[in-house]
Structure formats: C-alpha cells, structure tokens
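Report on the following structure.
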C-alpha cells in the first residue's frame, strides 16, 4: 500500500494534490461572466432562472471579469466584440475557462461569409468546451457546463495554460484579423 | 382610420399638385412612393412634416452600380392618417453628396451617419456624419455597396476552420449500415437494461 | 530650575535673531525656529513634568507668573506642535516674500503662548492673547491671501473684545486683575454676562458655530506649515477660555432637572452639537483638502466644547484628551497635506490623484492621522471619543448623542475623501515623473506625530494620569484608571487589549494572505471598464463631487451663516461710508471741526 | 478635466445586450453620453442580399434576438406585398397567435428585466419562469424555442399541432391569475415606485423630435398610436382590443402600459383561438424549384408593431432570385442612439440602467 | 491574556463557519421563494475556497494591505463577541463602542483597498457604503444609547444578562419602537435590499468588489461573513436577550437572519439619497421619540 505520509511526497506531488483539491472547489463553484456577446445569450436567462436553475450546480453570473471563472462566448463575435472579449479575457484571473456557445463560435455558422463576424473562436482565445447548435437549447447549454466540470475534473480544461504558453501565436492571429487589438479612436480618448 | 385607402390617394393628389414628381407608386393602401429630383427633397420633406408626416421612419440608400447611381430613400409616417410615404431620389454614385435633413428631422442624425458608413454618402450639415459608428477600424470600401464582396473579405481576414481529411475519411469509412447496426445494438442493450 | 521668564525672553530674543539671520540667509532663520521651538518645548516639558518651573520675575515689568497644571497642559501641547511643525519651515521658507519676518513671527507667536498659559494676571494674559493674534495675523497673508488675514482678525477681534469686557467686569468685582481672584469674585447677573462674554470669546477662537466662517478661510489660505499650528495649537486657546467659563464660573442659572445640567451649560452643549453637525456637513463638501481639515477642526472643537459643558469629570477628561488627540491627528494630517502641497503645488483634491505611488510615507502618516480623527481604535481619537460618549450617555442626552454620532460617522466620510481622491487612484499625467517623496526633514515630524497618535491610542493612561491632575486642580474627582484600563461610567476600556486583538487579527489575515498563491501585479489603468478601452488617467479618477448624492440633500442650505456675515459686512461698509461722508470730506475745516468736538467731549465730557 | 468616464456595457450587468453606453459623469450626474453600437454587427443587410428569398427565412429571425417572430412577419409581409399574393385566412390567425405569444414572451422578459436594474430579482425569476412556459408552447408549435422560422412568405410553415389550444388556454389562465401578483411585486411595490415614479421622463416633444414609437410614444402622447390599430395587418381589424395609453410618460407609466398590454395580448389570443377558421395555411410563392423563385421588381416598406414600436423592413427587388436590398428599421433606433446622446445626460448614474431598460433599447436591431 | 485571545480567535472562526452555513441555507430558502431549487447549503464554503485557490491580480501594495487590514480588523472585532453567557472571550470588556468602531477598521481597510484599485466604480461604491453607514448608524446608535442609559452598562454580555435577569423581558418587546429602527438598521448594515445600494451590480457593477478576484475577494468574503455574524449576534444580544446556551443562540440567530433575508427578497433597491432620506425621516424620529419615552418618562414595557 502506498504511503500517504506527507513528508514522503515530493514537492511536485504535493502541488498536484493541492491542485486536485482546488479543482474540486473550482468545478463546484463556477462563476460565469455576464457578457452577452451574441444571440445565444437569450437562452441563458432560462438557464440562470427558475426553469433550469444554474445555481444548483454552483454557477452564478458575476459582474466583472476579475471575479469570474468562465467566459461564456454566447454566439457570433463581431470584430468590435472580439477586441473587447480579448481584453476581458486577459483581465480574468487564472484559472479561467472559455465556453463557446453556438455554431458561430465553431465555424462561423450562418454568418460564415459576413464581413464583420469571425469564423473560428479558438484562433483568438483557447476554448475549453463548445456547445453546438443555432441556437443551442437550454438543456444543451446546461450539458455544456456539466461537460466543463468533467473536463476540469479530468484536467483537460487547461485552455488558460495554452493561452499563456502560446501567447505569441494567439496574439499574432488576433492582430492578423483585427489590425489592432486595443483601439485608439475618438471613443477611447 | 378605416378609410386609409382614401388617405393614400389624398396624399398622391396633394403631393402631385405641388411638386413635379418623376414617378408615383401606390404600393398598398397604407403606402405611397414618390421618386423626385434631388433638389425637391428638402422642401418636400418640410411640406410633408407640416402636413402631419411628423415622423421620420427610415432613411437609407440603395446602390445601383449598373446605372452608376445611388438612390436615397426617406420614409416618413403620419400616425393619424396611417400612410407611409417613401421619397426616393437618385444621386451620383462616384461622388455621392447630399445636404443633411437635420434641420427638418433631428432624428435623422444617426441614419445619415450610418448611410455614410455603409454607402459612403457624404451628408453636408450633419456634424458627426463622418465618424465611424458601427464598424471599427474599417479598411475597405463601404460594405453595403454592391461591389464589395463580404466572402472575399472574410476569407482574407478570418481563418476558416479546416476540417482535416482524416475526420472526413473516418466518417466515410463508417457506412450507413454499420451505423444502423450499431444503433440497433445499442437499443437492444438499453432494452435489456444493461446500459443507460 | 528653569525660569518661565527666561524661556519667554529666550523665545523673544531668538525671534529677533531669526529675523536677523533670515535677512542673511532665509534657511538660517528657519533653522533658528527649529532650534528655538525645540528648546522651548523640551525645557517646558522636562522642567514642567519634574515640577521645577520657576515663576519669579526680575526683568519684565508688570508680568507675574504662576504654574498650573491646566496652563502647563496647554503650553506643553501647543509648543510640541510648534516644535514639530518648525521642521517644515526650512523647506517652505523659499516661497515667502518676507522670510525673515516669517521666522520671527513664528517664534514670537510661540512666545505669546508661554505668556498666556503661565501668567496669573488677566491683563497680561490679554496682552499675550493679542500678541498671538497679531503675530499670526501677519503670518497668514504670507500664504498670499489678505482676505484670510482680515477675516481671521475680524473674528479674533470679536473674541478679544468679548474677553476684554469680561476682564473689566471681573476687575470691577474683584478689584484686581488676578485670574483666580477675578473668577472667584464674580457672581449673580454679572456672572451670567461674564459667562456669555467668555463663551463668545471661546467660540470665536475655537471656530464653533456660529462664529466659524473664518476657520476655512484662514486655515485654507494660511501658509502650508502654519495651518497645522493654527488648527492643532492656536485654536485650542479657545478651549482654555472655555474651561475658565464652563468650570470656574458657575452662574446660578436654572438647572434642568431631567438632564441634571444647568441651562447655560446645556445651551453651550447645543451650540457645540450644532458645530459638530455643521462642521461635518461642510467638511463633506469641500474640495480643498486644507479647508476640509479646517471644517473638521470646527467639528472637533464642538466635541471639546460639548465635553467641557457636561461638567462631569469623565467628560472633562474626555475633552482634555480630545484636545491632545485632535492636535496630534490634525497636525499630522495637515503636515501630510502640506507635504503634498509642496511637492505638487496644489491641495485641491480634484487636481490630484495617485500621490501614494510616489509618497507612501506621507500616505501612511495621513492614514494614521485619519484613523485617529475618525475615532477608530487603536489610535488616540478612539479613547477620547469613547470618554466623551460615556459622558454624553451618562447624562442621557439623546439629541446631543445623535449629533455626536453624526460627527463621528460623518468623519469617516470626510477624512476618507482626501485618502481616496488625493492619495489613491491614478497618477495624474502632469505629475508623472516629477513627483517625489517629501524630504527627510519633513518626514521626521510627521513620523513622530504618527507615533504619538499610536501611543495615545495604546497607552492613554500616561496622558490621562496627567489630565487627572488637571481635573483635580479644577476641583473634580479624577477618572478611575487601572494599569492599562480606563473605567467609564458604564463600561471598562482596555486599549492595550484591543490593540493586541487587532494585531492578532492582522497577523492571521497576513498568514492567510501569504500562504496563498502570489498575485499578478497589474497597473492601475488595467481595471474593469465594462470591456471598453480607456487611456486617459484623468477620466478614470473619481475625485470631483465625491459625495454628490448626500451633498445634494443640503447644498441649498449651506450658505445661510455666510450670507448673514456677508450682509453684516455690507452694513459695516455702508456705515463706514456714512462716517467717511461726514468726517472725511474734501473740506478740511469740517474734519477739523469734528475732531475738535471729539477731543472736547473726551476731555470735558464727564463734567457735563 | 472635471469629468469621469463610466461605461454601461457591453460587459456590464446593467446592460441587456451587447452595446456600450459611454457616460461622462460629474459627481453622479451624467453630463454627456453616447451609445457605442456595432458590437452585434453581423452585416445582415449584406447577408440578405446574398441569400435567395426563401433562404432568408433562416436568416431573418436572428436580426432581433429577443423578438424573432416580428422579423419573420415583417419579411413575409414585404414579400407578399411585392408579389401581390394573399395569404390563406387561417394563416393570418395563426400568425396573430404567434405574434401575440411572442409579445407576451418579450413583455414578460422586459417586465422581469426591471428586476435587474432595481435589484428585485424575485420578480425576474418569476417572470422568467412564466416566460419559459411560452417557449415550451413555441417548441410544441414550431419545433424550436427561440428561432422559430414559422411565419414564412405565403403563410405559416405548417398548421398548429393538435391539442395545442388546450396548452395555450391553460397557460393564459395561469398567467392571468398571476397578473395581480405581478403588479404587487413589481410596479405597485413601494420600493420600485420610489425608483420609477417621476423619473426618466419622456415628454411629448421629445417623442416627436426623436421619432420614438411604441410604448414610449403612446405613454407620452395619449393616443392609440399602434400599428395594429392605425394600419392593421393580419386580422387585427377583426379582433377587439384596446391599446393602453397615457399622457405622462415616466418610467412607472411605461412599465404599467407594458403590463396592460399583457392583458390585451391574452385577450387577443383567446379571440384568435375562438375565431380561427379551418383551411390551408400556406400558398406557394411561385412555381418550380423554390431556390429559383423570383419576386417582381419593386419597393416595399413593411411594418409590424413590435414590443418597442414600429418595426419595419424596407425591401427592394430587382426581379431576381435574391433580394436586391433589405433595410431594417429597428424599433429602438431613435431612442437608442439619439435618445441616449441627447436625453440621458442629466439623469443620474443610478438611473442609467433603468433608463436604457424602460426606454426599450435593444442593441441587435440597432447594429444588425 | 493570551489564552483569552486564542479563545477570541476561536469565536471568530466559529462565527465564520456559522454565518457561512446560515447564509448558504438562506440562499436555498430564497431559491425556493423564487421558484427554483437553490444551491447546496455549503455552496458559500465552496465559493470562498475556490476564490482562495485562484491566482488573483493585484493593483499595488495598498490593494493588498487594505484587504489584510480589513480581515484583521474584523477578526479582532469578532473576538469580542459574546456568543452565549459563558461562550465569550473577554467578559466585561465587550463594550458596545468597541464593536461600533473596531468594525470600522475593517470597513476602512476595505474602502482603502477598493479605492486603491483605481477603479472609479469602486470609489463610487465606497462612497455609497459610507453614506449608507451615515444614514443607518445614527438612528441605531440613538436606540443603543437609550438602552445603555436604561441599564447603566454598555457591555454586550451585561446587557444580555440584564434582559435575562428581568425575566426574559427582551428589548425587542420592551422598546418596540426602537426595535423597529434596529431591524431596519440591521438590514442596512447587512446590505440587504432595499438598502443594498453599494453593491448594486446593475448600476456600479458590484461597487467596491469590482476589481477583486481570487484570494483578495475570498478574504473579503470571509470578512463579510464575519461582519454579518457580528451584526446579527449583536442584535441577538441587544434585543433578543442573548442566549443561555449555544442552541438558543443558534435558533435566535437563524430566525433573525432568515427573517431579514426573506423580507429583503421582495424589495427593490433604493437610490442612495433615498436611503439617507428614509433613515432621517421616520427611523430617526422614532428612535428619538423612543429615547424620550424610555429615559425621561420611564415608559418601558
């Protein structure tokens, strides 16, 4: 039988144990950012409120990116939104997860040929869970969240690490599509 | 309000008596369209506003590259009469310019700004009309012109998802019969109560 | 043995020395102020606490001295503030038009303080009183505002004349100018009149409602290093007069049975309550940090008056202790603001922001000062406010208790505002790169004052034991003190215990903080903006109209008192014009005629 | 600089939808403000030009997310006007049921939505619970909860399922029985009244200046300026209903109008279910392959009363298989852009979210 | 001394566990009121520990120092709380004014840290919090002054014992007007609607908390739980006669907190100046009337 004496564990193992304990808390208390980027956000109120009651999974809407764990990309992303989404994503505190709702985040969906809407979200920010559909049912949205919890449990939801490690690649893609990520114009003195 | 048919006809006689209309259309009992020359638009809108068409419902443009024209559309509405009036006028496409109707309908401010953004029409007298409204950092021709191709723009700017060949092959390998058999097996298993 | 007379003469002499040296090099004069005030303070404190002050007089004519605990309490505390503030003089002396005069007047006004508190003669006291008023009056316009000096002098004159009349009435009753004799001899209706006159004088000096309008004008416009002296030290002269009136004179007025308080004291208490509320409300809406602190002085002056007027020994000790803690706190706060004012050139909160990034020590000094001012443990302000609360509750004064609590909670509001608007937030672009921490010589007094704030909060009994001596001298029972505890009327306070508890709490919080994952450092512009981009620091810093919602509720009613004085001023001006019209016309013979009449009336008027 | 810049949206709990109100604030009073739209811009008008007339059915519901049926109706009407065809009688009535159910849904959502800015979350939860029943009914009728693609040019996609009347009646009865409770919890709640009465005014002159329509206009002007009354489409001229109006348009009265419209919609749906004739529900628009159907040359402006006012499609056909140009007039365009620029200044930041909410600003239809 | 300090830390920890559980249960109860299932009862613990496990962002040393000062001050305050007649760390030293002012250290720390984040919304939130405090504290303090004047002691445990000795004549019955004011002030102190002006997500995006995430937010949550524990147990001791044993305390505590959160569920939020006007109109008047009646006329039920 393996000894569980604390002193015999290496620093790495201790860290992993702590991380697993942290994962338990993280997956049971996922706070999502209240950012309705697109039309799939219309299925979120039923998910949040009485009909499906997201709070029983420990999830709740949060006001600011600093407090939130999940960035919910609800649907298509116009260029203008994508800039703000990246800015918001970088403000979130780690570990952070991204859930892409709707087919627009996967391949552009019905707006695949639009001049204003991007086609593939994971070129710009790493996505942990996709929920397909246009728009996905509330059940599908809830299922996506459960999938995310499973992914956290199995340590596969590490998009934030990917973003940190491959920051240059993501940045390059962002600049290629957006020109400048943080705009200076008359709206932003 | 039930006599709207008469209202529409009244409008036609009213306008035609006063202005030299290029073309009149009686679209439905609630809708009338006039095509006028560009110089008449201001006085006509003013006249209609004083006659009760107090609300500017819509302002936009249509691009006609074959004729090399840009067509401006003003839609005004009278809530008492219940008649929409379209006023259309064609202007030059290469150098589209128009005087703003801001003094007549203050509500046109953002419509004109948007028309500038999407068609490149310059409205003189509208202070903010040259600023960007909806797009941000736009670097191409105005997008609602007919010669703009959004697909080409999208392909140039946004990477498309590449579905790898293996993915497609895998699907092809799995024929429909196999799939059906697998599904049947699954159903049987569920019926037996083995798997959920 | 040290002679008070000697100290006084040393002070006066060093004043002139400072002037002469100041003519040579302005900084030398300022250094004389440091040396002189430190010398005066330390000898007063040392010889005072060892009971070895000599009162014999050999050189100065007509001047006699006595050593009382009351006088010594005030003198030591005020000279301490003088000594601390004098460290600021060398850094500010460059800005003044008349640097030699500044140094001289600074020391002379301190000399006046010695005279006021150690004399036993009313006339000498009045002389030194006026001496302080005149010297400080010439100091104030060095901050480039003559209006401030006029306003200060006008209100001081009201106080001085009220005091003078009271002195003459007491002379009438006692037959001499002796302070103790005069106060003892007064009785009957005269006592009521003298009481009112002395209270008016005290109100004018303390800046209590309704004689408060000079406070923000004078404090706000005085030279940066002189404001702490004005607010922390000189204003307390009023408290001295108030003690004479409220404790030593007891006019036989109607006693309110339910409150167990004489009517006269109760009226003073009500005015004190009004000054607390009014000072708080006005401080909340100031934009200039110095004016804000000036109004807070008004509110705290109300606390002191209220404590004295309750007439119980716990109230008295609370009042005396509040004098100490307020002097230390407001001195430190004013010095911190002065340091900011020197480094940036302004003390307006709407023009500043993010000063903490370059001036952290100043920030900590200000923080400790405001914790004390707001009456939060473990600083001294908590102890004195606690004592005052005990006294107020003991009397069961509901409305005054409401006023006291209003002032206390309100002080959180107004002291927090400079903290947030001036020190915290984004650094303004115009100060980027040029802002530095204040020089070491300025940090010394600030740190000393902060330390004193802490000591007064943790070991208040050191001071309260001395205050007990003062109270006994005034004829009251002393407050019961343990080793570390203070026994109030309805509870015991152990400041050391609270401090240890607070320390343990902070240690626990710190351990939790340090055990957890290290945070990522981000800049102050990288904040939540609802997803929008913003690049201008000025648009991100919330400093204008900080308490707009609550200000809106009373902003229409803030100028009534000012309007009253304004109309009074206009009346005086009109009267002056009338006089000018009659007496000083272009025709000299009329003027000569009037002068002759007046001379005649003065010479032979009594005969008629 | 004396001003402070605050933002309401896009990522802000007080903002519904993805738009940003930039506010320059002094103290807590807004001095200048403007809306930064375009974060939901998808190039709809361009996209419609690139789809055939029938393919557009899939695209149009997505113009305005909260109220997709209005778009379908608007588009269908426009195409029918251009083609000059008449829709079967039963289709009209089914359309009315769908439209009024959609109106109920959006009004419930908007009424619950005032729970957000005012902090009355219980109201929000209750309203959303009832709205979910409407979505379930939609799912039974159309197969989808939100984007129904049910009202198509030429009628409706298919007939109502058997027995749906019972469900609808059941839902309407339960909603009607809870109406008084909603009033008590919402606009008659003293704390809500403290927030809404006599604030966020919309005087009549402003209505005409901006061109505000819908509840905002009716609550200020006091006349039944409703597209359903003024120029009745479908069979609105054959049902009896009143349009709630007022002459003093503060936030409370606007919400009140919204609540009264819920009752009217319930009554309309009941009348429709009673009066609905049997028959076909759809006519074909042309012959042959549906992707090659063409629409004759012409211009048409088709209008529908949405929950926020006059919602219009301006459609141009050059006789081809694709629309030549489709312009969308969002109902909240005037108050959303010009209203925020001109009339939000002067209010307080406490009221900004409520301003946007009770004026009925919907960002997707502004951006398109 | 050291032993009672440790005892005090134990009380603070007890308060944290107790209030976090009670708040979790109350979230479930509110959930049922809102027609939904509600979270797990221990959800608050999960939230706090999750926050503590995250990697936060910091806006400079004042941002961190304020949080430490806030939590430290609140722990220090909670150490003085008498839970029952015997379960208390410092008998005789649990002076009411210590709570009134030591709690302000925590508030000041949080306010400072929030303003130090450089976000204007945080400063506005702090401004609102301070203004709300100015509004509700005055009437509340007047009621407390009345009680202290009547009983002659300001020790919280002493006041509880006084009520028990008078045959469980609780002040909520004896001073009914004052009790109404105290309940309103308690609601404001706990940040319950309609007085929840300073969090106000829809207006200022959760106010002072706007820039916090990770461990700082977790520590502030702990601080808030303990603050609520202090305020509710002060109410229990002052107006509900304290508790002879821990079960009575738990019952009273749960009843008070649940009643308040149920009431707050059906109210919308006031604007900040409405809060000030509200408290200075009726509650202040009622409190003063109650004071006069009780002190000068001696009418105590």
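As written, the chains take the letters A, B, C, D and E, and residue 1 is the first residue of each chain.
Operating definition for what follows: a contact is a pair of C-beta atoms (placed from the backbone, for glycine too) under 8 Å apart; a residue touches a chain by one contact, two chains touch by 3 or more.
As the structure is a computational prediction, the values presented were derived from the model and not from experiment.
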By label order, what chains touch subunit B and subunit C together?
A, D
Shared touching partners of subunit C and subunit E are A, D
Greatest Cα-centroid separation from subunit D: which chain?
C
What's the chain with its C-alpha centre farthest out from subunit B?
C
Sorted by contact pairs, first entry is C-E
If you average the Cα atoms of each chain, whose average lands nearest the overall Cα average?
E
Distance-wise, how many Å sit between the C-alpha centres of subunit B and subunit D, to the nearest whole number?
18
If you average the Cα atoms of subunit A and of subunit B to get two centres, how far apart are those centres in Å?
34
Once you find the CA centre of subunit D and the CA centre of subunit E, what distance in Å lies between them?
44
Going by the touch rule set out above, which residues of subunit E reach two or more other chains?
34-36, 53-57, 120-121, 124, 201, 205-206, 210-211, 214, 271-272
Note the residues in subunit A that touch 2 or more other chains, in rising order.
35, 49-50, 63-66, 80, 83-84, 88, 91, 93, 113-117, 183, 187, 189
Touching at least two other chains at once: which residues of subunit C meet that condition?
520, 526, 528, 530-532, 534, 536, 539-542, 546, 549
Quick one: which chain pairs are touching?
A-B, A-C, A-D, A-E, B-D, C-D, C-E, D-E
Subunit C-facing residues of subunit E, complex:
1, 5, 8-9, 12, 52-62, 64, 67-77, 79-80, 90, 92-93, 95-98, 101-102, 104-105, 107-108, 111-112, 115-121, 123-124, 126-128, 130-131, 133-134, 137-138, 141-142, 145-146, 148-149, 152-155, 205, 210-211, 214-216, 218-219, 271-273, 276-277, 284, 288, 291-292, 295-296
For the complex, give me every residue of subunit D touching subunit B.
37-38, 41, 43, 45-47, 50, 81, 208-211, 213, 223, 225, 229-231, 237, 298-301, 303, 310, 312, 314, 316, 324-325, 327, 329, 333-334, 337-338, 367
List of subunit A residues in touch with subunit E within their complex:
21-22, 25-26, 28-29, 31, 49-50, 53, 55-56, 58, 62-69, 91-95
Residue ranges of subunit B in contact with subunit A within the complex:
131-132, 135-137, 139-140, 143, 148, 150-151, 153-154, 157-161
List of subunit A residues in touch with subunit B within their complex
79-80, 83, 106-108, 112-120, 123, 173, 176-180, 183, 185-186
